[in-house]
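Pasting a structure below so you can have a look.
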């Protein structure tokens, strides 16, 4: 066994690594925003009295949570293709990741909604606010605040899981790594570097969510309650 | 106390029935509240007084009977809830201020969102109602920075900002210790003096006696005895005698 | 190319499904053993041990499983260690699962009420005795629902072993597709099969959770 590591040979490809990391962040950002929207809607849907909507939302959540992301990505990829629709790998990746993280978000948000005391909703109803206004002004922010750690962890996991998109040749960080290692024959060094980059990306995301929390929850900032 | 004999009652319940499963909570309840009147609903826990109050703002649906509140047929399934609740203000035992909003935002939310009031106007209004409850310096505080009594006064101010025609108080001092109870009762007394129509469920017999124009004593889901505040000192039914006799008539 | 899905294809997919279960069991046992050590290390009285295990968890939880699998397969091969896809997948999944189970179990151990720890200390039990006789039996009860929930994640995650050429359910689907070229239909069958394996476990985990009366949301990678 000869253990001769040559990091410089791989590191000189840094522009490619950087481009891959940027694309990974872009994928994660799009899917996080869209998935948060989709998931919140699905959580609201599961709470409605309309059993058709509630049932559909439940089926969506359970189907996604009980199948692998890799299978979901291929299904979206070939599903769109069989409909005769041609999209870029990036669009397919964002679509699949959004559908995936939306289901997890829905479960987390549902827990958040359920944690809102009944009296809050009655007080809002007593002030003549509409159903939609109650969700928007009274329930949403406190619910997000209650599940913020779980929610943001899920979004970091999503960023890491986006590495699977390399399998439909989206040019994100893992795909870049696959390409560089086959080019340089330095697999071990390449994947070590990529692993470090992912760790950095997840730290960056956590820091970002911490900062966002300060903006979203001014009460906590003022009262000094930890997030 | 002022009475207005010319118009319809603001709130009227006629033969209202309501059950939770096999448990009959309201068994043919009738009473009416005139404009400017203060009505106190008293009775043991489980007598149905809170349920009766919650039916007025339709937090409970009735099984049978008629409820008219400011012209709204509350017993009908097609009642316009949002119109009803603009006419009726309700204050709860547990305050239910919105924890993520400042006191000012708690107050301005409904006038802006429901009535479409301009922000500047709503802020002026918030200041005005907070002065009314003696909390003007807490405009920018968050609810958890306030004592229980202050939170309840802020909740009253929030209700007042919607300029309701009648206000409902559901055991608003039950969660407070005596000292804080006094400051909340003082605010309600001032409202009564200003001529606000009010229905209150209360355990404070001394307060009810001092402020109420009329007392409705509920027992086992029925209106058992009703009359002016003097019925508390000279009750005619044995149940009310026992109720006021068991130390309920304090302060 | 061409042809229809026949009994041989289905047998092949079934075999793949069995390997998915096999790999999941390996990952659960391997990850469980290492994860248990991690959980204990995370609450060790020795600061260096706590720090080392925390760094391990942070590194693994900050890296995609796919990259860990590549490290285990291409990486080890590149430095002269020839390993089979099964070995590489088992080793990688073990390291990955250990980091997550370790954290879940640490949380469970620490959620055993404080008076229990103090009572055990008051009885003059040694640290090991306290752990084995008092704390762990209670922690296992708390840990059961989230562990069952995490088994769902393990099963789903084994699908990534297909990328390094291990023929489990996902890979066998790809192989069948190479001869039939009906990707949508075949991946739909694969999805249904995964669902059939995962959903009962999900339901079971939810039932256990409800019975314990705790509504913790079940966090895990996709």
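Here are a few things to note about the model shown:
So that you can tell them apart, the chains are marked A, B and C in the order they are listed, and the count of residues begins at 1 in each.
Quick note on the criterion: contacts are C-beta pairs under 8 Å (C-beta built on N, C-alpha and C of every residue); 3 or more make two chains touch, one makes a residue touch a chain.
Since the structure is predicted, the reported quantities are computational estimates derived from the model, not experimental observations.
If each chain is reduced to the average of its C-alpha atoms, the one that sits nearest the average of all protein C-alpha atoms is A.
Chain centres were defined as the mean of their Cα atoms; on that basis the chain farthest from subunit B turns out to be C.
One inter-chain figure worth recording: subunit A and subunit C are separated by 20 Å, centre to centre, where each centre is the mean of the chain's CA atoms. If each chain is reduced to the centroid of its CA atoms, subunit B and subunit C end up 56 Å from each other.
Subunit A and subunit B have centres, each the mean of its CA atoms, that are 46 Å apart.
Listing the residues of subunit A that touch subunit C in their complex gives 1-3, 5, 62-63, 65-72, 74-75, 78-79, 81-82, 100-101, 104, 107-108, 111, 114, 147, 150, 153-154, 157-158, 160-164, 166-167, 174, 177-178, 181, 185-188, 191-192, 194-195, 198-199, 202-203.
Only residues 58-59, 61-68, 70-71, 74-81, 152, 156-157, 159-160, 162-163, 170, 183-184, 187-188, 190-191, 194-195, 198-199, 202, 215, 217-222 of subunit C touch subunit A when the two sit together in their complex. Subunit B makes touch with subunit A in their complex at residues 57, 59, 81-86, 88-90, 92, 94, 96-100, 109-110, 113-114, 142, 144-145, 155, 158-159, 162.
For subunit A in complex with subunit B, the residues that touch the partner chain are 117, 119-120, 122-130, 133, 137-138, 141-142, 145, 217, 219, 222-223.
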